[in-house]
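Next, two complexes with chain A in common: one pairs it with chain B, the other with chain C.
Entry: the complex of A and B
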């Protein structure tokens, strides 16, 4: 594909914000107990391991992209697998992205209904979220990346709030270190994939990045920021809650916010829950934008068609998944899918890309980049 | 795209949002009764009596406090019934204190505490107290000098906890200690003495059942052992052995009483042996002398040294007494089990296991006290 027009492109430092904002979403409020379940008090090691593996996957992902000049994953698929198989892979990936969008919407609705408005219907809530999302997606990738930047600037301070848990912290609860089997800790790291997934968005925004050689650096910085924040929230939760108590806490991060009291604001977590919309909105935007591009490439129909289709799907399904049990089941299925797609897939794809780009260059849509000599 | 379609889209989006926001029911503050304190009393046949104290928002009301009470099988059930007695909707977002009467506490209060934690409206900082006598008697009494008994109890708890006089027993503390395999909750007791309310004893729990009470001065030592201690004052009886007291009071030949103010302290609890568990408790305290009933030459360094040793001995005795008491009742409010769990690999400690081990545990206490200063005079 030819370079997108310059006015559609954005500076490479925004990649940091895009990667970080899409990773931080509905996972962080409540990932602690899922990791604690297999790994116990060693859950923080699982978080570090998961963070490291996200760096490895992202490394291969950017390496794949650097083999091509300016292509997104849809074009790479067609180059690698040919027309029909490539279309099939694209269809699967589009479905995955739309599903991610849906998962975020229903999980956030669940949070709102639990913490703020128990009687608010799912339909009206998803209508509100989708109305904003559609507006943003129509604005294009520059608007979305900019919104990701604002979202982080406005909400990053919330990571410091766990300071208020300090009087209740008990360091003993971290010990003994490595008391669990390595397999248990690895299982905990696998569960983290739901929380850390999202960086696969780089596969789609890559053509729009201005200084492409800096993508690698900013992607890793974004991943590092997310890993550090998840590590912080995990460790504080381990120190603040006793194990069994943590297992009973659906959103450990918000429950920790419950201890915060200001003279002018009695209950802080209500503000946190509302502000969380700023955090999840870029995720909805990015996933929706990427899945609609897939839809357009598959069917050749207009972007508008895709948006309407995705919105109708989300609206309809959000009424099916209204109980916590169903959402939990869907989350655990999605967790396994993200583990494969975000973490394993780039690594599996890389050898194939190497093989394909080493043979005679395909003259049609995809042009392999100059071999070697690339800065990362 | 044309500016017209953009305008249309913007209008559509912004019109939808206010329309949809109206789906939520509004709650004006004049129509709410803010619950400040709740109390639960034991009744036979698994029933409980619930009492609540409300903020009165209505400025024309004669009484500042409204107290409602009712009986039901569950706490939320009793709240529903109270709602029927009230002209305003009862909400629990401002709840500060929960009282449970002793009889109820001796049977177990986990389900009643759990319902507070389950409610998203209730913060984790709600204070749990045990009512000696009936909670109804404390909450419904008309105190001439206390405006709102709920707020009073909250302030009383808060200032005593920040002043390190009693142990902290917020909702989070209680549940944490209940779920911890090697720890048990400890909760201050409230008594009404005529028109006053006292926080005077500490109820010790075995799991969620209260088993005994210890005097509130023990919470100084309990806090020392828990290691979440910063500063506090304690009155100690000191052996006069080896001290050159200038004038002994009549009838007080061997002891003197002194008050020390703990400036900072560090407690290290180490597990030395596993079967039976042997603990070594090392307390390093920096304190200043506030008051002493016998005159001792404090300008002489060796006298201060001796006083330090005697004070440390006195503290060691008190700690050992406390440990004997908690071992006798087989409750672990100090969290020795947590230390055991943190030091032993693969212990898989459970409450039951720790109950069997704790009475056999051995303790060795070393207290080192440094008198930093003795006030503005020697």
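Entry: the complex of A and C
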């Protein structure tokens, strides 16, 4: 309930950048194959459906937050479920956020190992990523939001690069439209949840937004931007690859970047893979930040302890998941989890919140106040 | 002065001899002079530090009138009336007498009296005004600050004549007692910034400071950072422009540099000249400087990364000439690059230390000789020499010398990262750099403003400079009370063609 100190807060339109930056990450380079598998050449419809459902979930999420004055999900959990059940829910959510952080790190490491450095160990690469991430998280949410903003400004042009695929595209590959069963298309949309997830971060940054009434607008704009970019990459991939080819291409986006050539630069995808660090770094920062806040709420220990713990976990586990096979298995498990947590959970939670806050719709003084943060 | 000795709070002795002895006990300085004038009972003594006073003034404005007065002298009362000096104090304790003498005043004492007068005839040693050297410009005023605080304050005051220009003076340095002045325009400068600045200066506990740059480092927001957080400038026009933007300026006695804050990262890439030339040219130069910032930090690392790890990104036609050039070089690219960067820094440093004329010759001849010899000896490739030289050149486009040095230092870790992890290493370095800049503040104001927090309206004068018709409002960065510079409505615009 405590309003954070004003110097930690940021303008509401940055919510657009935070939402967009956390959604765009390790999913976009290679999501086309997974959606194509069930939905075939109607995969673009799946992307649109997934986008719409993300808007619906985000709508309920922001509605939940607006029932409270200035709370994050951890406080809402404790208000809804009471002390112990609330703590259990918080523990689960914290674990989910830490896992998301881990998923991003290992997937990006896998991309680096495949495209650039097959010989580099996962440990050394995750050490670099985590060293930068820890420095950023110690700066607090304002710095992290700023990094998300700058990362988008510096990398937005990459979305336009698929234009280079223009000479090779075949429009007839899109047809016939709707020749797959609706269930297949819906299954494709469900697979997309891994790519579009991340907007649940609004649950945690909400207390730090200055003009809270505008959160809804900017969250939706961020989601829309992500949906449009996913749609663009999906459609271009469908037009560029033949069906079987797409099934065998692990990172269709990067493969399409291979077309690009300049007089001074060939193999653009080498540059793209490196530049992708600017895109995934905000994700690591945001997930790590949110999870260590949960850690502090659960244990009452400092967030620095939480950072150390998360880093040790990621470093240790990154050695276990080193092959594409294992990472793929983990990704599909995570896909199920994220479908439930990011897409379904806000919708399920909303009636409960309505019930709990029905007497005092605008404020709920019973919610314990958040402690003043040290690293936030 | 040493107020812990209670004895010096005692009144002056009525015997000049005793007084002189006790002052000599305090100021153990062979330049301490006592001059006696008069005879027959009326003896005036002048006590002063020979090296601190202006001898002409002593002759003309003190000795001459006093000698004239001696005949009808009965007590000290008349002395203030005849001395044509502006600063004159009555001195009653030895403590203040000693303090005044140390500041270049003359103590006038008469045997038999327990008080005396002190007159300020201190001689300021300073050089005359000269051209700005570290921030030289083509257009605009050319004058630079000097080491004298009074002259510098005068230079500022001559340009800004509003009564709202506030100067507050204080002393810093327990031993040097350096006088410093805090300058701002009341109503334009933000109260909180002034307080932060003042509070940081007041909490300084140090024995001595010699230059504003030292004070700048001491009161910096993050003294561990490579980047400067407060602008150091020798140009009065830059100071006055900053004052009008609502910034706060600090000057110290003995330093030709002014410290301006709060500053943003982009302020270090602005020159006042950008306002003297037309907007298109100014914007072009601004962007050129920012491009050269990226160029300087990234070009050599990219070369190292491409040649060490990512041969494939170089088109084959280009690769041929690069490989040809490198064919005789026995070292890995990272070693080659570090060696050349080191040589460039060596030349720069030697050029800065040597006397001006020798330095220039050394720089050019050394550069060509060492460069050519290094290639012929097979130490390095021509292409890398070109790249390193371009990178060094780019770093000198930053109008702030401090920022230029910071950029040059950043290259070294970047090259090492590129050599170890290729493109991934460079991007890790870039991420770290961006995060670092995001975490910095200047007097508790965001350092990367107006990029972050983004403020479109203030981008008119950051990476670009728009025409002055856009400058009706002051920058919001300094949050001054008065936002208006002028009314943006000018003469009526004709909207119709040929009307």
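One rule holds for everything that comes next: the second predicted complex is superposed on the first by the 358 of 376 C-alpha atoms of A that agree within 3 Å, B and C clash if a C-alpha of one lies under 4 Å from a C-alpha of the other, contacts with A are read in each partner's own complex, and residues count from 1 in each chain.
Methods note: a residue touches a chain if its C-beta (ideal position, glycine included) is under 8 Å from a C-beta of that chain, and two chains touch if they have at least 3 such contacts.
Everything numeric in this text was worked out from a predicted model, so none of it was measured.
Looking at the shared chain after the overlay, A:229 reaches neither chain B nor chain C.
Applying the stated contact rule after C-alpha superposition, one finds that A:117 touches each of chain B and chain C.
By the touch criterion defined above, A:315 lies against neither chain B nor chain C after alignment on the C-alpha atoms of chain A. In the superposition on chain A, A:128 makes contact with both chain B and chain C. Legend: residue contacts after superposition of the two complexes on their common chain; A:274 is shown touching chain C, with no touch to chain B. When both complexes are overlaid on chain A, the residue A:95 reaches neither chain B nor chain C.
Judged by the touch definition given at the top, the superposed model places A:261 against both chain B and chain C.
Once the two complexes are laid over each other on the shared chain, residue contacts for A:10 go to chain C alone; chain B is not touched. In the superposition on chain A, A:48 contacts neither chain B nor chain C.
The interface of chain A with chain B overlaps its interface with chain C at residues 117, 120, 125, 128, 131-132, 135, 261, 266-267. Chain B makes touch with chain A in their complex at residues 9-10, 12-13, 16-17, 20-21, 23-25, 93-94, 120, 123-125, 168, 172-173, 175-177, 179-180, 228, 335, 338-339, 341-346. Residues 309-310, 312-316, 318, 421-428, 430-432, 434-436, 438-439, 444, 448, 451-454 of chain C touch chain A in their complex. Of all residues in chain A, those touching chain C in their complex are 7, 10-11, 14, 112, 116-117, 120, 125, 128-129, 131-132, 135-136, 139, 143, 146-147, 149-150, 153, 261-268, 270-271, 273-275, 277-278, 281.
Residues 114-115, 117, 119-121, 124-125, 127-128, 131-132, 134-135, 138, 167-168, 170, 172-176, 179, 241-245, 255, 258-259, 261, 266-267 of chain A are the ones touching chain B in the complex.
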